[in-house]
């Protein structure tokens, strides 16, 4: 997970944040960083709009959300199936309503559908958080400008190269380059 | 883009190009970008700028909610449903009318934020949240109304499937059980669907606020920063939601309609009730959305920038189409019932039109069909908020009457003429007003607490839109972002 | 304002106060629930143990159980029929008596007033229970009421809820389909 | 005392407490809410939870149906018919079913009361559906009460002491009669609104005139093939509705022959007429004429010489005056003549006319024409009850008027009232209320705080019928001679005392001839003395050697009856050779409308205090809890009257305001009002509800002395107010009101 | 344990208890209505509520009019009570299984304590014979002394309806069992049939061809109400006339 960068801090590394006003300079900066020997998994981009990987030329992000959703749907389906096919066997007594079969056909479809969807959507929602480790109220590296539409590139480098990289970033249009401050979000 | 072609006439000359551009900019939010920081500020300002009028209205609503909803409900629980106007044969009354009504209202939010998102209708961007809030709050009212309806509401938990010592589970044969599951699914999923796109805006609000608001947003934003991973997950989830919630939405109102259609009563036992109810729900939902937008635009600061004539125009077009669809289904239902020739159904149809509640039937047709058709053809009127507001209001009245006709009016007539009796609502009216007040109250509270405009979505849209020259003509183009 | 309250609550004293408040609430609730579970006070701390120990059959005092729905509480005349021949009963009228349990009985017989017993084993009004059928089916009293030779005032060994009834009905019916239908039918107990 | 009986070891808890427990038991033994009291002494044969059944007699009307009352833990739970009793064979009417609502009525007189005339006996302002409804407290003990009775017996001239009694119970009447006979007290007078509306005196008189013998005719409806009823509402309240309904059932089922035909002649379709194959809406007052015309036409159809009795009538004239088509009359006459067993019954409003006696005679003459006397499906004299030597006729209205006059003249100093509520039941025009002012001491034995009790100086409440000993002679309805026996099925609920016991004790206290007139220890001993002679009679339902066994059987079976047909055959030899006036009856007042008061089939005269009887829909109109006036819709349209419009009805005698019921089966020139409501006392459920149509009835009598209650003409005016009637039926579904147009 | 597939559906069975009502001899006297109320602890509701269609009668007597004055006729009185349908429309719609088909007695059972008061069953009953406790109808002391201990006292928010006097069925069965025999035809009957002075109501086993009710029901002019809905009612009416 790319997010792990913020948490696992290899000793001796410095975290830097470069804030760019627009996508173009940010994309250039990423290329530059790569050229400066900082690998993609040492970088992260924080933005206020959903920026796709292609825009910045970043490797695509891995997500388990669709799988989790599928898993939830399966769970929901079995939950519904239990309600329809299992519960009548739990009754110690025959419950007959009207002359309808004890396990009714068409209502099964309805119940299965609803509970499947419920399972799927719930797991999607929870999956978002499970899969990307938030909610997270611990201090994190962040700059507020991000929510003003700026793009922040966040990367780690050795203390020696800090100076050099800062310069390069500023040249590419970074509004500021600084040691990433850990903020209580 | 239709507006654009309308506006830019064939005889527009070159010199006027800048003027045309300016015109387009004024008209379209997406072509009128502001810096994100500015928009953030405007949205934050709209939340925090509160006049005394707001508090007066809010106070009055609080009093109504406390009095009409909770006090009267408590009274009703302690006295029994005898304080309502229900009787034999009108065992169901205004509560179920309200339930169907509120579920109908709730359909608009999903329609706008899911279907329009799936079909990439760009005009949706500034008001998806305003509509989605209606879904959640409307469903809350629907839930309240259902619980009010129960004779022994304190035992309502029996309808939930859970293991118990009685070894007794809910009856899966009953449309009400389906209903309960469907509404629960819908309420949960629409709330989640409201929350997911809200997170980035909450993070924005967190960054721009201080004091208790800061704490509030901090908690709700869940530590969202906007990293690539977070965005990817959110986007993925939103896509899944947008697709999955659509069938849920259709199923909910279809199942609500089955409460009626599955019954053996004349007039109810109709196969077309499912789609008829869904379209009816959209009809009233769209009406409600424009009402809310018009009020939000008129009363909240900075909203005139975000919500413009184009939006009213677009929704009004949908309203017109849905009105036509509703008319089609209505006629379909009527036609087949009439053709069936069952004497009790005939009696009921006659009762609808010529009975003591006949005025409702005619008012329903006028409000739901005649007025939208007469008014919404005109683009200028469509773009005028107050006109669309008025039409939306009338449609909602008409749809309320439709449900009233379906529930208590149809219940008055059955196969046992000896028991026919009219229904006169009593405390249900107060409780209905209470739910309406609670809805508005929740909405007002929400408008002070959460950003009503999804700023990041607007910015995303503005980033993607541009004017492009095709030959001699400047047209709007959208680049694919997602 | 709210912030200040929260701040105060965050300090140790505040935390203790919150703790105490929760504990108080919890103990009130626990007390309330325990109240509903303890056996109620009876006019006489009736020693079932003693009576059963003397070899008196349940059906002697509660003959209704074999005949109809209700086992019933014996008429005071029945108590007195034995007791007025027992020396202890007569002794209990002495001021320095060592048999205080008998005093209320003697007093009520003398004043022709009724003892106000409080039923312990009870099913709700919506359950139509018939002792006769259960006795006829060979059920022993202690299956439901517990071993009375160990109890003084009658206690309820279990909550008579539907699960309790059904478990037994299921067991009794076994593989007998018709009997199971009858014993698990809603209308057998609820009407 | 009441506590003890109400709180006995309830098997399954009673009342609201039960429900509370039901909710709370979810949490465990919530039993602390319930207290159970054991019996001090368990009654024999009683087991907790098992019901005990006691046979007794229904006292809701005087017919004398046998009941078997189910009791549990000392509470009466359900009244069911006594299948042994030949009168009702296990069946009951609605009023009999509701008798327990009287026993457990929240407004009963709970003990002996010295009372200021006119004072309320309970708080009338309170909500009738609420528990809190304080009743007047008892302020005397029974010793003092007995003393009061003894002194009034002793300190007044015997002829200044009067007993006014209801139609039930008979044993008390016998006791009072014995007392009167032995001491010179005025012979007790019996009266009841039902007997007034049944016109028993007219029937009796007509029988005497035609057959030369007094007695109550018995009409064997079940055995007939064609039944013509002139106003007799025998399926509702008339004489013995349960046994007549059985007869009707037999008529219709055609157990032996074809399904019988039933024709009803009356101006307003009663619920009896609703069951008729033909309802002939004749003009009120023309019943005699129509009956005679049918007789004449029938005789012609039979091809015999017209009997003298029918000779004077002109069928054409009768048809035009009665408003019946001549063809209809002819067709009916043919039906009557050619049937294999025709029966004609006079009764109800037809007799309550100034020419009521002529009507009765004319209709009985039709039976003579049919020659059905003593035959199955014909007319009999009802079997006399076992300890009866002659038919005892209750006082006619005329006799009651004379009685009232005696009161006004000060000839009555002490009035004992039992089992009747004359202030309510007698028409106001007879001025019983005014006459009470001239009576120095009124002692009421009322069980319920009725209007007459309110006017009494002392109220010494009798037990409710189900708490009482007694017997009731069956006046009519069974083939056999029947004496229905009553016994207490529960211990008295309140501090009430049997009136017989009070009188016996008071007589003993008064000493002298009083003591020797009633030489009994108590009521039971008196009863045994009265049934003892039956032991020697033959053909009894049971036999016993000694009186104790006999009395035990009497209790066990709910009475004593013979096993043979005890009916007498009327001698109809001269019935056709008399002449009967066919003149129309005279009507008092100059209004436009004939007034037909009828007894409410569900409430009758004393049912109004029983909430479930109030909630029973009237069989014809389905109205509950109120009084209405029936008006033909055509007339109502003419007058601009909609349903529920309140109209003012004015007669010579009084004014009433009532909501309109547009009744489609009533003559346009007639209005009808049910009798049974309009109480000014009588408990929370009866009071301030509806109106009493006797307020409209003037002092008009027929030749037999019965009240011409249907002999009024009244004015009807719209008031402009509305009062909604509670109906079970749907105005929309049944009448199409509010459905837009006719459907 | 009975597995769902072992359950015999009522549609395949002929019913067990049934009733025959002869409308020709029903006089509309309301004795059955009163008897039913007395037997089954039914509340009275007072003038206002009863006029508003909230009366609790489990059995009601319907009558209509035919024609206009003077040729007007009252239609035969029609006692309307729960038809104890074999395929009852009220049952499947209850979300709580509060109204179910009794397998043992083949009756349509209302389990009061399970009812949450959705009133769907009442809406769906084509005979409109269910009544709802709109309030806690008050029965002031000492009226509650009359309560039948064999029948549950219902409170507000609960649906109720005719049970074919199931407490009497149980009592008779219990008695027969204690005497080691079968219940005899006519040994007991419902409160309404017992009271009916005209004997217009007959109750008994419809699955026993020898019983009186079966014999009567096989008369060719019996009709069942709204049979076309497929409800398999167990009450047969004779219109007569």
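Letters A, B, C, D and E name the chains as they come in the text, with residue numbers starting at 1 for each one.
One rule holds in what follows: a residue touches a chain if its C-beta (ideal position, glycine included) is under 8 Å from a C-beta of that chain, and two chains touch if they have at least 3 such contacts.
Here the structure is a predicted model, which is why all the values come from computation and not from measurement.
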If you tally the C-beta contacts, which comes out ahead, A-E or B-D? A-E
Counting only C-alpha atoms to place each centre, which chain is farthest from subunit B? D
Centre-most chain [mean C-alpha coordinates]: E
Taking each chain's centre as the mean of its CA atoms, the one lying farthest from the centre of subunit C is chain A
Subunit A-subunit B separation of Cα centroids, rounded to whole Å: 30
Rounded Å distance, subunit C centre to subunit D centre (Cα mean): 51
Centroid spacing, where centroids are CA-atom means, of subunit C and subunit E in whole angstrom: 37
Give, as an integer number of Å, the spacing between the C-alpha centres of subunit C and subunit B. 55
Numbers and ranges of subunit A residues touching at least 2 other chains: 92-95, 97-98, 100, 104
Scan subunit C for residues touching two or more other chains and write them down. 69, 124-126, 161, 166, 170, 180-181, 184-186
Using the touch rule from the top of the page, what residues of subunit D touch 2 or more other chains? 11-12, 18-19, 22, 49, 728-730, 734
Throw together a list of every chain pair that touches. A-B, A-C, A-E, B-C, B-D, B-E, C-D, C-E, D-E
Residue set of subunit C touching subunit E in the complex reads 69, 124-128, 130, 132-133, 136, 170, 177, 180-182, 184-188, 190-191
For the complex, which residues does subunit E have touching subunit C? 1-2, 6, 100, 102-105, 107, 109, 111-114, 149-153, 163, 166-167, 170, 174, 177-178
Using the touch definition from the top, list the residues of subunit B that touch subunit C in their complex. 165-168, 211-212
Quick one: in the complex, what on subunit C touches subunit D? 33, 36-37, 39-41, 63-64, 67-78, 112, 114-126, 131, 156, 159, 161
Which stretch or stretches of subunit C touch subunit B in the complex? 2-3, 161-164, 166
